[in-house]
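Structures given as structure tokens follow.
Two complexes are shown next, each including chain A; its partner changes from chain B in the first to chain C in the second.
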Partner chain A sequence: MKGWLFTLPWTLGFCAFFAYPLAQSALYGFSNIRLTAAGRKISPVGWDNYAYIFQRDIYFMERLRDFFVNTLFSLPVLLVFSLMIAMMINQKIKCKGLFRALFFLPVVVVSGPVLNMIISEGAASIPIIEQYGIYGLIENFVPSMIAAPLTYLFSQLVMILWYSGVPILIFLAGLQKIDRSLYEAALIDGASAWVAFWKITLPAMRGMIVINAVYCIVFLASSEINEVIALIRSAMLDPNIGYGIASAMAWVYSLSVALAIGLAWFLLGRAPKERATHAVILLQRRGLDAIRR
Partner chain B sequence: MPKKKRKKARSAVTINPAGFELGQLKIYAYIVPLALFMLLPIVYIFNNAFKPLSELFAFPPRFFVSRPTLDNFASLAKTTRQMVTGLSRYIFNSALVTLAVVVFTIIISSMAGYAFSKLKFKGKNALFEVNTLALMFVPVAVMIPRYLVIDRLGISDTYFAHILPLLAMPVGMFLLKQFIDQVPDELIEAAKVDGAGPFRIYAKVVIPLVLPALATVAILAFQGVWGNIETSSLFTTKDSMRTLTFFMNTLVSANASVAGQGMAAAGMLVMFVPNIILFIILQSKVMNTMAYSGMK
Partner chain C sequence: MPSAVKTYFNHKLLGKFLKLLLYVMLIALGFVYLYPLLHIIVTSVKSLPDLLDPSVNWIPTQLSLDNYKQAFEVMHVAATWLDTVLVSLLPAIAQTAACALAGYGFARYAFPGRKILLALVLLTFIIPAYVLMAPTYAMYSDYKILGTLQAAIFPALAGQGVKSAIFILIFMQFFSQTPISLDEAARVDGAGEARIFFRIGLPMAVPAMVVTFLFSFVWYWNETYFTAMYLGSHGSSGGISTMLLELEHFEQSYKGYLQSLSGWGAGFAGDSVANEAIKMAATVIAMLPLLGLYLVLQRQFVESIDRVGITGE
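This part shows the complex of A and B:
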């Protein structure tokens, strides 16, 4: 009973401004909405809106595909970069706090209107890449299927690195939980730093990698410069397309994002072999704790 | 405390030296350029605001300002002085709305997070699942239905229209619940034995322990509301009820003229100042958020 009381304000707000609008938009996805002087006219059309998206709309499916291909390419870059930075910050160096703050800074800056302006002024691209004609090089030597996302990756590199603030923090949290004496033990057994990374750090970071992958997908999918969202937004206000179809688009998009997250979870989260090593590490850790006590 | 002992033991086995050594140089060689790279957006904002028009439109665009002026700020001030609605009104609106959203989001989310984490009640899991699902949803999808809700509640053109829709922040609730999960049950049991009710436990035990997480949620909530244009453009019709962000944004889009760009650059810096102040105040707390999550 007390529980209900505590959640009441949150539940009320959530229902009014999230759950109910969500249900409403699901309903709109199956209807045709016309805004007239007399008010909204809603007529049910069944699956027509979805049929329109999949069969007649030329832009939406293309952008949706582009988004997922681009995410597929930028996600590994983002994850590897964040892990590298997190590992470097986690070393015993001076001014640790300062570096942590610096890498988190873009999260504070690069949001909302500021981000739009930086992009529109072209400050988020690297001039050297264009100067040396790397795009041309890529397009000449790489099959066009991969070339497009590759050029996208290069053009978005700066943005992708700016996004790394939160993933770095999450990785840092994971790294700090690894017992340092594990590395010590590995070192005594003759393992190089390289081997220690693959055998200790990476298996221990598996959970964090999954969390980060999910976070990054959600972040990229709902970022303000996302082209699919821009398309849905413009479709919403376009009298030829209308809110019904735009709602259907939003649902198709959301469901595909959820699918992508499920896929990432499935691919990265489950690995029986690695789990075994993790268990070994846990056992070792417990043993060490026992010895210390 | 065994914790202290453990810390001592750990520092005894660390390989790294306490002071500065040559071996660290290698790491600095990587990390310093990258850190500077992270500073670029801020450097850019500052430089841009002080660029004279000729430099703003220079091609190829230059990153650093060579002849800084205050022209952009002057033209911004001049434009705002000619406005029907004074700048102070927008600032007041923004400050009020931002403050209300941040404070209430923290209260509401932490209360809900506490209940979801530590209290037992019917439908708890189902409700939390719905919240997790909502995390993945595109905000655009609920734009118009939200407008309809606001319209039906009769709160459009009031401050409530700015504040209420932003209070239900699924990410904030989710984060706080995860952190409150880490608070040991024994602590709460002990408080219960001492005769504390659920509210007392929430206020005196849980909240002090998750302060770092609250700081993180505060920053997230602040960003959600400070940069928000939607509530102003959709839920209000009167100019006097709109926020500073909305006003700055209209400056950029309405004055597509040459002078508009200069004003936009100056406005960007003005808009950015609260962000950086809040970050400086809360940064140590945010950084600790993750470290505290290792609470055992």
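This part shows the complex of A and C:
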């Protein structure tokens, strides 16, 4: 009962600032809302708002698709880079703290207006990419369906990497938890560093990969330079479209993001033989000890 | 040379080479990360001739602080800095207090409905805030807190601020790792639950509080979407502007600034655009306090994730 008291403020806040607006938003999604001098006039319209989004609106579905395709391409790059950088920092190197601080710096300064300034300055990508004509290469040799997201990936490379600050730290914390003796045992058994990575590091990082994937999807989806959100917001303030359709759009967007998170969870979260690998290595180590004795 | 010594020597050489490669890669990647920031800072001190001269790339021929002076005035920094600090500081404090309370409750007590409430906390993280945008806007306008600081403080105080779910989980994780025996000792001595929370729980949770406060501060500072919507000016009401909001509509403000300089008669001034150097100077001004904060408290930020044991088993 005392626990109730401690969480009571949060519970009240949840009802007032989350549950109530959420219910309203669901209601708005099925209504037509007109702002008049006397206040808001709400009239139910059934599924009309959703029909409008799927059948008549030209921009929304297109931007929604672009967002997911771009995320599909950026997410692996983000995860691979974060893990790579985390592994490099985790080595015995000088100035470890400095490098760690450097890769985390973007997290502190990243914000919508700053990102927009950087992109409008053309500083969102490294000039080398343009100098070597990578875009031309992509457009010439890659099917057009993949070319657009690839071009996006390269033109926004630095910005995408800027989201990796927190994932790097999470990976780093996970790497430091791996038992060193596992690597030693693998080394004695003649495993190369390459094999040790696939058999020890990666399985141990599985949980972290899932956490980071979910984190990155949530952050990319709510980023301030996200085009879908910009569209929803302008729809909301546009008197010809209004709250009703904007709410419906927000619901379609959130549900698809939730679906993407679920998918990432399902695909990355399954643990094939994770335990088995560890067990085999442990057993081998015991066996070796026994032989030596 | 005996072959064993030779292999050993080769190994050592290979190790050295690999280490060198590691440093090269780290420095190269670090440069890629810093590239936009370096670009902004260098451009912000370029004078007009330097901007137009393609041979001037990284090192300006002269330091031009005039850009900063102009950007400072266009962004009304003298007037907005206090609001910017308040908009970040007060909700951050409120959020820290609210999340500590909720996290403590979840970690230290078993009560009916705890699991359900925790699931709801996660729900607030997954359901994006823009779903709630329209109704929240309408609600704030009904309560007449639109365009005031309260619109940011009230939700934070109720544990519904920017990304508060993360912070509640951080506090929960933290409190569940600290020993409960102290609580029990105090309880035996007759201390009430509130007293235990304030005298034992909170003092132990300083690291989690630091993390929550710093990240809340930074995230509230960088938040422009909802700040513009809930706190910004709407028609007649005053509204609050932050430095980042000023940065967002910098071009517009710049035109107004030029017009005010040349008097209302000079209509053609409305077409001129702020040059890159001034825009970058404005960007630096908006980021500078955060960069300073990070420089001083860098350790607190970076060690946050280890400190609160988010990856704990």
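We adopt the following convention: the second predicted complex is superposed on the first by the 269 of 293 C-alpha atoms of A that agree within 3 Å, B and C clash if a C-alpha of one lies under 4 Å from a C-alpha of the other, contacts with A are read in each partner's own complex, and residues count from 1 in each chain.
Everything that follows uses one rule, which is that contacts are C-beta pairs under 8 Å (C-beta built on N, C-alpha and C of every residue); 3 or more make two chains touch, one makes a residue touch a chain.
Since this is a predicted model, take the numbers as computed values, not measurements.
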Aligned on chain A, chain B and chain C: do they clash or fit?
-> clash
First (chain B), second (chain C), both or neither touched by A:F54 | neither
If you stack the two complexes on chain A, which partner ends up touching A:W198: first (chain B), second (chain C), both, or neither?
-> neither
Name the contact category of A:F266: first (chain B only), second (chain C only), both, or neither.
-> neither
Taking the superposition as given, does A:L161 touch the first partner, chain B, the second, chain C, both, or neither?
-> both
State whether A:I232 touches chain B only (first), chain C only (second), both chains, or neither.
-> both
For A:Y183, decide between first (touching chain B), second (touching chain C), both and neither.
-> first
Mind working out whether A:Y243 is in touch with chain B, chain C, both or neither, as first, second, both or neither?
-> both
Dual-contact residues of chain A, meaning touching chain B and chain C, are 1-4, 6-7, 9-11, 13-14, 16-18, 20-22, 24-25, 28, 85, 88-89, 91, 93, 97, 99-106, 108-114, 117-118, 121, 123, 158, 161-162, 169-170, 172-173, 176-177, 218, 221-222, 229, 232-233, 236, 243, 247, 250-251, 253-254, 257-258, 261
In the complex of these two chains, what residues of chain B are touching chain A?
-> 2, 5-6, 9-10, 13-18, 20, 24, 27-28, 30-31, 34-35, 37-42, 44-45, 48, 60-61, 63, 107-109, 111-112, 114-116, 119-121, 124, 127, 130-131, 133-146, 148-149, 153, 164-165, 167-168, 170, 173, 198, 202, 219, 223, 226-229, 245, 248-249, 252, 264-265, 268, 271-272, 275-276, 278-279, 283-284, 286-287, 289-291, 293-294
Residue ranges of chain C in contact with chain A within the complex = 19, 22-23, 25-26, 29-30, 32-37, 39-40, 43, 98, 101-102, 104-106, 108-111, 113-114, 117, 120-121, 124-139, 154-155, 157-160, 168, 193, 197, 218, 221-225, 229, 244-245, 247-248, 250, 276, 279-280, 282-283, 286-287, 290-291, 293-294, 298-299, 301-302, 304-306, 310-311, 313
Parts of chain A lying in touch with chain B, wherever the complex brings them together | 1-4, 6-7, 9-11, 13-14, 16-22, 24-25, 28, 85, 88-89, 91-94, 97, 99-106, 108-114, 117-118, 121-123, 127, 158, 161-162, 169-170, 172-173, 176-177, 179-181, 183-184, 187, 218, 221-222, 229, 232-233, 236, 243, 247, 250-251, 253-254, 257-258, 261, 289, 292-293
Can you name the residues of chain A that touch chain C in the complex?
-> 1-7, 9-14, 16-18, 20-22, 24-25, 28, 40, 85, 88-89, 91, 93, 97, 99-114, 116-118, 120-121, 123-124, 126, 157-159, 161-162, 166, 169-170, 172-174, 176-177, 208, 218, 221-222, 224, 229, 232-233, 236, 243, 246-247, 250-251, 253-254, 257-258, 261
